[in-house]
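All remarks here apply to the structure that follows.
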Amino acid sequence: MRARGPVLLALAVAALPLALPNKYAYDVAILIGLNAVVCVGLNLLIGYAGQISLGHAGFFGLGAYGSAILAARYGWPTPLSLAAAVAGVALLAWLVGRPILRLKGHHLAMATLGLGVIVAIVIATEDGYTGGPDGMSVPPLAAFGFALAGETAWYWAVGALLLGVVWLARNLIDSPRGRALRALHGSEVAAEMVGIDSARHKLNAFVLSAALAALAGGLTAHYAGFITPAKATFLHSIELVTMVVFGGMASTFGAVAGAAVLTLLPQFLTVLKDYEMVVFGAVLMLTMIFMPRGLVPTLEKALAAANRRAV
Amino acid sequence: MSAQFAQYLLTGVTVGAIYALVALGFAIIYNASQVINFAQGEFVMVGGMAAVSLANAGWPLPAAVGAAVALAALLGLALEKLAVEPARGAPVVTLIIITIGASILLRGMAMLVWDKNVHALPAFSGETPIVVGGATLLPQSLWVLGATLVIVALLAWFFNRTLLGKALLATSHNRLAAQLCGISVRSVLMVAFGLSAALGAVAGILIAPITFTAWDVGVMLGLKGFAAAILGGLGSGAGAVLGGLVLGIAESMGAGYVSSAYKDVIAFVVMLAVLMFLPGGLLGTRASDRV
Amino acid sequence: MLLRTEELSKAFGGVAAVDAVSIAFEEGAVHALIGPNGAGKTTLLNLLCGIYRPTRGRIVFAGRDLAGRATHEYAAAGIGRTFQNLQVFFNMTALENVMTGRHLLEPCGLAAAALRLPARVREERACRLEAEALLEFVGLAQWRDARAEAMPYGALKRLEIARALAARPRLLLLDEPAAGLNPVETAEIDRLIHSLVTRRVTVVLVEHNMKLVMGVSQHVLVLDYGRVLAEGDPAAVRANPRVVEAYLGAEAR
């Protein structure tokens, strides 16, 4: 039973190329995969630990620009620049997380929002390093003469990464660390009373999710060959949180499903041109009103109810 | 006091008054429903844009202003009825996403109904700057400050002296107890949303002659108003006003003396700094869980 | 003495909820903390388990002064607690609640957990078995896979005890374990507390149910206005005129 989910996901990843008609479709699939990586990490923080971050696009952007700047402006080999960017973001998250996670609820939301906005503005303003609002070009991911290039190669790379991240996340959740996070969410005082150092576990979840966001950001930059500050804005942070909530909090597959649906949706909506925003906003509102716990839990409940009736 | 300092201070207080009005809107809705209305900034935008388009269509300014505020209030009521009420009991994060969806919806509609250009409203009483101690003050700034003072005074009277205002406060403290006292929570919520939207619209209209308005002004203004509300202590009306003024002045001073490129960052840096040392905000309550 | 306090005080603003309390709890016994409402019992309990920081005084547990330390450090020292207002993990099943209680006994590295190393898998199985045994011990075996939010009140009170026991505490603080329970459920709590002593767990009980208190404890402390009013074995305390007066007023004398 435990293995069913990951196996299905692996099959989906393996079989999907058969349904992808052209390069553009591969592009969307890769985008979904990278968003899903961020969402799985963000879900640990929001869905399991019960915290909130409205600034995760900041970590995504820092990972992207960090790797891009080290590689393009300082000539670092790209695997190294990527690793350094992720490590740097993890360190930043650790430093910033300690004081910030003392806050709760809306205050935490606003503090993370503020951080994200500050990062986005700095990226857009320091155009000497970052190329400013117009963005900068990014060298491809390459090592020992081999470059990871082309939609097909990237598809398999991202697919493998996603499967790996999902597997790691699920293992973590089924361990005492995962239970500690869920306990924090259930009752922080009771969690402390069974010996859970709530500050430390919150921080771990925060840093881990930041590192995953940075990794996805860096990979996005190297894949696209280009990066703009739009990827670090408040709006992108909101998209990420929405993917997690829409898919279903405290559900790793929910995070993946949410990423998939909400990455695809704008693609379909572009045909509506000027009506895109209106429809997107309306869809967000309606789905959250009618499925407040998110897609996957709502479906699970419906399935369970159907099973009971069938018995 | 140097003329430059006075200039920055005046600008800061003017902008701060606008932030205060937006923050009050957040505070009123939060108090009534525990919801953070991320669409608050859009009410500011609607106020300004509606007033501009009506004025351009030939309406006399007072009528355009009145109609714009009324429109915003109606949108606030619609938001409460159609989006917030059906989702009562949903987790906090879900409610946040719903209001964010509403803000995206409103911005999309604004883009369709109006356009993507920047617009200006004619100043209420002309544009001749007034010289005060070496600094210049636009007459519109006086309107902003005057109107804000009047509104804050009216709100204080409303919450402390009228039955409806007290009902709003009661609902914010304990919804069930308020219901048991015969207070219709649904009506209270509608009043809260309508009032907040109207406040936002007024702010948008007041500032439109100075900083202009466009379909997307709501985003930053909303965020900064929210930051001001948190800075002052979420749920405290006085805190919202104080927070708005502090942010406005800090922003103006920072932009003038430190770096104008990073003007927008200042508000958030100040807010973060305050939250680090006073997690409840300047005037917020330091509540602890009862176990 | 397993736990000893010296001049322990906690003030909220100007009000001294607990005022210079110096008490001692012997290992292996069941102690009760009683007193009228507002006497400071829950505040004292919160101090003893580290949820409140004392304004003054020392809390010496097994020879170590814990005053001022973080809550989870009290737990690590060997103090467990149940709550008057249920603090069950409603987002988990009963079994998961108890498994979480075992947190201190399961050091778990990030890599070992994420990679699901064989040692980790074995530990997980052992954790599950022990949690099941504890559920059995408190009589909740049939609720094993039930979501906590679906369980009845009486069962949840016992679940909190099972969760607290999972950490193998030396001292267990029970905050009104019988509150809101009917006589049958209360008798079950009585039986449970008796069996805790055989597990070498020292118990400190805050309770209003006098029958339970008198029947199960060896040592009773009476608090009033944040101070110790009387202390002794149940019979002596019950006969103490000052205790009667505190509960029932001077008329009752």
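Labels for the chains are A, B and C, by order of writing; each one numbers its residues from 1.
Rule of thumb we're sticking to: a contact is a pair of C-beta atoms (placed from the backbone, for glycine too) under 8 Å apart; a residue touches a chain by one contact, two chains touch by 3 or more.
Remember, predicted model here, so these are calculated numbers, not experimental data.
**Q** For the chain pair with the highest number of C-beta contact pairs, give its two chain identifiers.
**A** A-B
**Q** Just to be sure I understand: the centre of a chain is the mean of its C-alpha atoms, right? Then which chain's centre is nearest the mean of all of them?
**A** Checking distances from each chain centre to the full centroid gives A.
**Q** From the centre of subunit A, which chain's CA centre is farthest?
**A** C
**Q** Let me have the rounded angstrom distance from the C-alpha centre of subunit A over to the C-alpha centre of subunit B, please.
**A** 31
**Q** Using mean CA coordinates as chain centres, what's the gap between subunit B and subunit C in Å?
**A** The mean C-alpha positions of subunit B and subunit C differ by 48 Å.
**Q** Taking each chain's centre as the mean position of its Cα atoms, how many Å separate subunit A from subunit C?
**A** Once rounded, the distance between the two centres reads 41 Å.
**Q** Any chance you could list the residues of subunit B touching two or more other chains?
**A** If we look for residues of subunit B contacting two or more partner chains, we find 291.
**Q** Spell out, as numbers or ranges, the residues of subunit A touching 2 or more other chains.
**A** Where subunit A meets two or more other chains at a single residue, that happens at 189.
**Q** Enumerate the residues of subunit C that touch no fewer than two other chains.
**A** 51, 83, 87
**Q** How about subunit C: which of its residues touch subunit A in the complex?
**A** 49-51, 70-72, 74-76, 80-81, 83, 87-92, 96, 99-104, 106, 108, 110, 113-116, 120, 124, 127, 163-164, 166-167
**Q** Spell out the residues on subunit B that touch subunit A in their complex, using ranges where they run on.
**A** On the subunit B side, the touching residues are 30, 36, 83, 86-87, 89-94, 96-98, 100-109, 111-112, 219, 223, 226-227, 230, 234, 261-262, 264-265, 268-269, 271-272, 275-276, 279-281, 289, 291.
**Q** Which residues, counting only subunit A, touch subunit B once they are in their complex?
**A** Checking each residue of subunit A against subunit B gives 46, 52, 54, 99-100, 102-103, 105-107, 109-111, 113-115, 117-118, 121-122, 125, 189, 234, 238, 241-242, 245-246, 249, 274-285, 288-289, 292-293.
**Q** Which residues of subunit A touch subunit C in their complex?
**A** 168, 171-172, 174-180, 182-183, 185-187, 189-198, 204, 250
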